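By letter and in written order, the chains are A, B, C and D; residue numbering begins at 1 in each of them.
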Amino acid sequence: MSDKTTIGVGMVGHAFMGRVHSQAWRSVGAFFDLPLAPRMAVLAGRSKERAAAAAARLGWADVETDWRELVARDDVQIVDICTPGDSHAEIAVAALRAGKHVICEKPLANTVAEAEAMVAAAEAAPGKSMVAFNYRRVPAVALARRYVEEGRLGEIRHVRAQYLQDWIVDPEFPLVWRLMRDRAGSGALGDIGAHIVDAAQFVTGQDVVGVSALTETFVKERPLAAGSEGPAERGSAARGEVTVDDAALFIGRMSGGALASFEATRFATGRKNAMRIEVNGSLGSLAFDFESMNELWFCAGGGGFERILVTEPDHPYAGAWWPPGHGLGYEHTFTHEIRDFLEAVATGAAPSPSFADGLRVQRVLDAVERSAADGSRYTTVEER
Amino acid sequence: MSDKTTIGVGMVGHAFMGRVHSQAWRSVGAFFDLPLAPRMAVLAGRSKERAAAAAARLGWADVETDWRELVARDDVQIVDICTPGDSHAEIAVAALRAGKHVICEKPLANTVAEAEAMVAAAEAAPGKSMVAFNYRRVPAVALARRYVEEGRLGEIRHVRAQYLQDWIVDPEFPLVWRLMRDRAGSGALGDIGAHIVDAAQFVTGQDVVGVSALTETFVKERPLAAGSEGPAERGSAARGEVTVDDAALFIGRMSGGALASFEATRFATGRKNAMRIEVNGSLGSLAFDFESMNELWFCAGGGGFERILVTEPDHPYAGAWWPPGHGLGYEHTFTHEIRDFLEAVATGAAPSPSFADGLRVQRVLDAVERSAADGSRYTTVEER
Amino acid sequence: MSDKTTIGVGMVGHAFMGRVHSQAWRSVGAFFDLPLAPRMAVLAGRSKERAAAAAARLGWADVETDWRELVARDDVQIVDICTPGDSHAEIAVAALRAGKHVICEKPLANTVAEAEAMVAAAEAAPGKSMVAFNYRRVPAVALARRYVEEGRLGEIRHVRAQYLQDWIVDPEFPLVWRLMRDRAGSGALGDIGAHIVDAAQFVTGQDVVGVSALTETFVKERPLAAGSEGPAERGSAARGEVTVDDAALFIGRMSGGALASFEATRFATGRKNAMRIEVNGSLGSLAFDFESMNELWFCAGGGGFERILVTEPDHPYAGAWWPPGHGLGYEHTFTHEIRDFLEAVATGAAPSPSFADGLRVQRVLDAVERSAADGSRYTTVEER
Amino acid sequence: MSDKTTIGVGMVGHAFMGRVHSQAWRSVGAFFDLPLAPRMAVLAGRSKERAAAAAARLGWADVETDWRELVARDDVQIVDICTPGDSHAEIAVAALRAGKHVICEKPLANTVAEAEAMVAAAEAAPGKSMVAFNYRRVPAVALARRYVEEGRLGEIRHVRAQYLQDWIVDPEFPLVWRLMRDRAGSGALGDIGAHIVDAAQFVTGQDVVGVSALTETFVKERPLAAGSEGPAERGSAARGEVTVDDAALFIGRMSGGALASFEATRFATGRKNAMRIEVNGSLGSLAFDFESMNELWFCAGGGGFERILVTEPDHPYAGAWWPPGHGLGYEHTFTHEIRDFLEAVATGAAPSPSFADGLRVQRVLDAVERSAADGSRYTTVEER
């Protein structure tokens, strides 16, 4: 590895996403032949003390308390944005203008306007940019995409996508930032609905062109939390309004003629992280559930569904890891993402999913909200 | 059994539904302690020859070629209607007016108006009437209903219902009566969508109050068939227009505040008879798939899902059959239905599902079609 | 059906097996084109009153209280033996000598000597004879056999068979006849172990040639029951010795070189009727679990396992029933068995499994008991 | 992390096990609060060039070509042995005598004698020692152990353990070191059978006390390979003898009275890494399959099996990682192992599994081989 060109990375944010991105930066070189050797140069966090502790634990060489300082550093060529959605646009645009490569967590932004600004900045800048829809890098999802590309499903008729969680079923769960519109943009819709919209578009190679939607906030008020993500203030007497959706359901049409249904909810008791997609085509079908992330179910020609353990050497990403049957976990989707991003940076290829892909998802979410506000009327996804 | 009052049954139609109803009439007395002993008196079919062959095979004592003759017979107290939907209203109304008890296949009728006439006739007549939503009598579905009634799920938040088949994926599959609006009323919507609407309402005890819908006919023309149900004319050069939906997707709201999604399709390659329902409540969840009809998946309090093999003596209907683990099949849902109907006839209780329940489903289907025709706009299900 | 030759059936015993055989005799003609029309002529049971009640309920025209009278009747051409194993040999031999056809429940007998006498009688008599290993007639098991015959598995390396139940885990469950050696011959071994030995031999087309075995009786004494099958005397103070095995484990070799493992137990808490078999070959594998009886899992060429819903028209027996995805239940395995037996009787073909097949299983069970008694030493299955 | 005491690690071997151990050493500190900060000091490999490349890739600071040099280094306090079984004893004993802590891959040794020497050295030395049965650190397996300890299963009746792979089904797969007795000690038995013996003993808290066994080598000769693990020489004309078992089946008794069955094979076509264990007790049961490693199936009181996604904060190890439903992979079992080992080293507690535990497994494997050689006779596992 010593003879490879080193590339400096600066990461903004060190909560859940920061932890998993760090693990990916730290591990990727041990498993993939990288064109560039990433150096974990600097971590930015608002609190010096907490940032320093995180950097020590997660393996970052230095810290900054202002992301602008991080962006300005000469030893940073890649900016990795792991903050909530409300700051994505500002950081990404600044980083791109400073000539950096940018990898940004999803959803790309909290509004279409912000996402458009980011795409414009990406197009004008020399750096590469990528939005971190990590589920594309689940080997089973990548294999699903491959099967569709190879024509094994024929003409696609149905997409059935769900992202089911249950972490706020309890009405005493506090009002964390993900439940506040000004921080998170939306609720289940933007947080997890964005993933299944991207996955549906990625796997099928088709765009969602129009939707009809319902959204709901089942629990309207919750105990106030101290800004933390956790249920620290469970049972607090002070209450605040939940300003995002708890669940979003929408049906729609894909550009290739398929019908699609989507459901994103945090109220599916017993479903922990059931990010699911099923695609039915004229020649075959496939189905996936992230709760069993190493499995892809594939049906050829109307027979039964085959449970493919996606751990064979010729499966996407799998050859870099362990022998067949030795599964991967959640974190590895990020390792794969970082690997592909470094490849794009090194070769000059356009990373995928691009900011434009992120904007596309944002436009779908926007159409969902407009439809929900307009009596569920079928609403066309805005084209650029 | 010899000391029981005998009750004469006349059945109209002897295709798929007639075969399975016959098996139920023939078997029910061997497994359940019935208050009345059914006598399989007469079978009506348009062709004398075919009706006689069917009667011999299925165990009916006599035949008629005109259902009116069957309705008029003194040895018939129960009329069992197993014809396509376009004749349900006429036969049922006539039978009820003649003082007979009526059990009628689903969907209750092809239009709301017909269904209303049937309900009116049922209310005015002395006979008992029931619509044959057999899936209510799957032991697992009946157990699901019991769990909801017992409050084990708490407040219901989500209903997720699908009925997925794939028997017309092949564009050369012929234009059978189920693909003709004038015979079948609608396509996947009325044939299988009706089942999941009824199941959702039955299991949750809530009504669907409004829907937003998309329907699609993927294959617009098909080879003409000779009226048979089978693919007899596969590849025929003559083509006819498919006048019903191939698939119907709708999302909506339940009377108790839950969000619901429904999908009925005959284009889900590899899904043979996947009649599925999942319900998520504030305290628990349950999930069912008819392809594994002896299993109910139940989640209590946010733990994992328990696979309950619904074959224990204290499970609905199961005690009448075999020891635990010795599963039932499709036909037994009809045996249970007939048993419950005979019980209602004998005791004077109102059978369930009633014609009014059938009308309620019909109104939901009607709202689906109106929404689909009106830009997917959220459409309230008409109240009586 | 009226123009078919009628053949009279007499059944001995009307408990669990009698109930399910009756349903098969009653239903088979409605689904299969039979060469002979069975007439349910007479049922034999020791108690006149109980036999008469059972006959009325199950559809038998007459009753006898002595099986010898039944065997002697002119209107009986087929004798169906549904009694415990200790009376099989006597009844079967008498019936065969009287020129009847015989279908006999499994295990064929309680001892090898009895089974040999039955085979000798069968070979000397004009009537056809069959032992009722009904699991061969599960469509999925029959399909498994077909796949092996077609060479899809290549050279067979492993057989893994289990029959897991849990109905006597509770030490207060009473001492029913199945727990008494003089009635049942053995415990889990003969009752359910016999099924998996037969299934393993049937599916692979190979014989078990030697075994090494362990058996155990976990609960040595149980409350005395009144001879009934049910837990009528649960908690009774009087206790009796359990004289059969609760569980039997054995490993062995098949005639074609495969290794095999078998486990039969009534102490597998939570497993209700898990009759399972997995076969691994050089080219493919298959797996089955009766708790999901409509499914066969098939692996071709080292890929994943495909879940085949064995309900397609070209699957064994399935075409006679319902459309794809509309599953069968436990009882239908008997319907299929009766159908095949009638076919054999009509055509003069040898029924399968024959009494010789039943004897072969008996010899394996005998080798298991001899091995268990001899320090688990590998014990060759006796050849005739 | 900077204020923690650092402890130097030296690893011997850098093939499959070396890669996964390295990832664990590199990652463990980012997820667990460690009492000691491991420093990846030195990697030993016979080829300087290959060891240096591996060290660079895997993150080791230095290399040695002789493991003795590694053991002698002052900056090494922990020796991690990732070589084939034939060198375990020599390295471990030397390291222990040099005052090092030792973590050693499984099986502990190739013979009981070697294992005994290792246990003796461990008992005499100040350093801590551990054998790397990593499957104990699958969260689901650790949870299984917890459930048994808490008495949720009651009295244990059955253990059913299998380790099924298929990587040498192809007779042209070359003669790699794992197929040579002098290198690997045994075949499937020691490589994967060891895991299920340890898992059975760990989960139940009972020892295997006696076994009856069959072993088989299906493919007696294979193409000669160049010593590599991979199929580099597939199809080579030169052949060598396979000197280990391809499959081992054994049944036996546990110290608490349970019956146990074990099967280890590399010929289970379609099973990639199916390390499975099921335990049935008088009060409950549990089942696990590593191919779905984030799931534990638990049955309480004879109800159905609950699928527990072992990713909740209160599940073993799971709280250190991601939110519920975000699964772990194979590598994390090693991260957990390293974490527990460091904890033991820091606190002076005895690591588990100890070398004595490894010896216990070795004695079981020895009894298996003796039984197989002695007509499968029941063979008592030697006590120390």
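Going forward, a contact is a pair of C-beta atoms (placed from the backbone, for glycine too) under 8 Å apart; a residue touches a chain by one contact, two chains touch by 3 or more.
Going by UniProt, the chains are A, B, C, D = Predicted dehydrogenase.
Everything numeric here is computed off the predicted structure, so don't read it as measured data.
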Where are there more C-beta contacts: A-D or B-D? A-D
Tell me which chain's centre, taken as the mean of its C-alpha atoms, is farthest from chain B. D
Compute the distance, rounded to whole Å, between the mean C-alpha positions of chain A and chain D. 35
Euclidean distance of C-alpha centroids - chain C vs chain D, Å: 42
So how far apart, in whole Å, are chain B and chain D when each is placed at the average of its C-alpha atoms? 55
For chain A, write out the residues touching at least two other chains, lowest number first. 271, 303-305, 309
Please name which positions on chain B make contact with chain C in the complex. 1-2, 16, 19-20, 22-23, 26-27, 29-30, 56-59, 165, 167, 271-274, 290-295, 309, 311, 321-332
Where on chain B does chain A make contact in their complex? 153, 157-158, 160, 162, 164, 166, 169, 212-214, 216, 218, 247, 249-253, 257, 259, 261, 263, 265, 267-271, 280-285, 299, 302-305, 375-378
Given the complex with chain C, which residues does chain A contribute to the contact? 298, 303-309
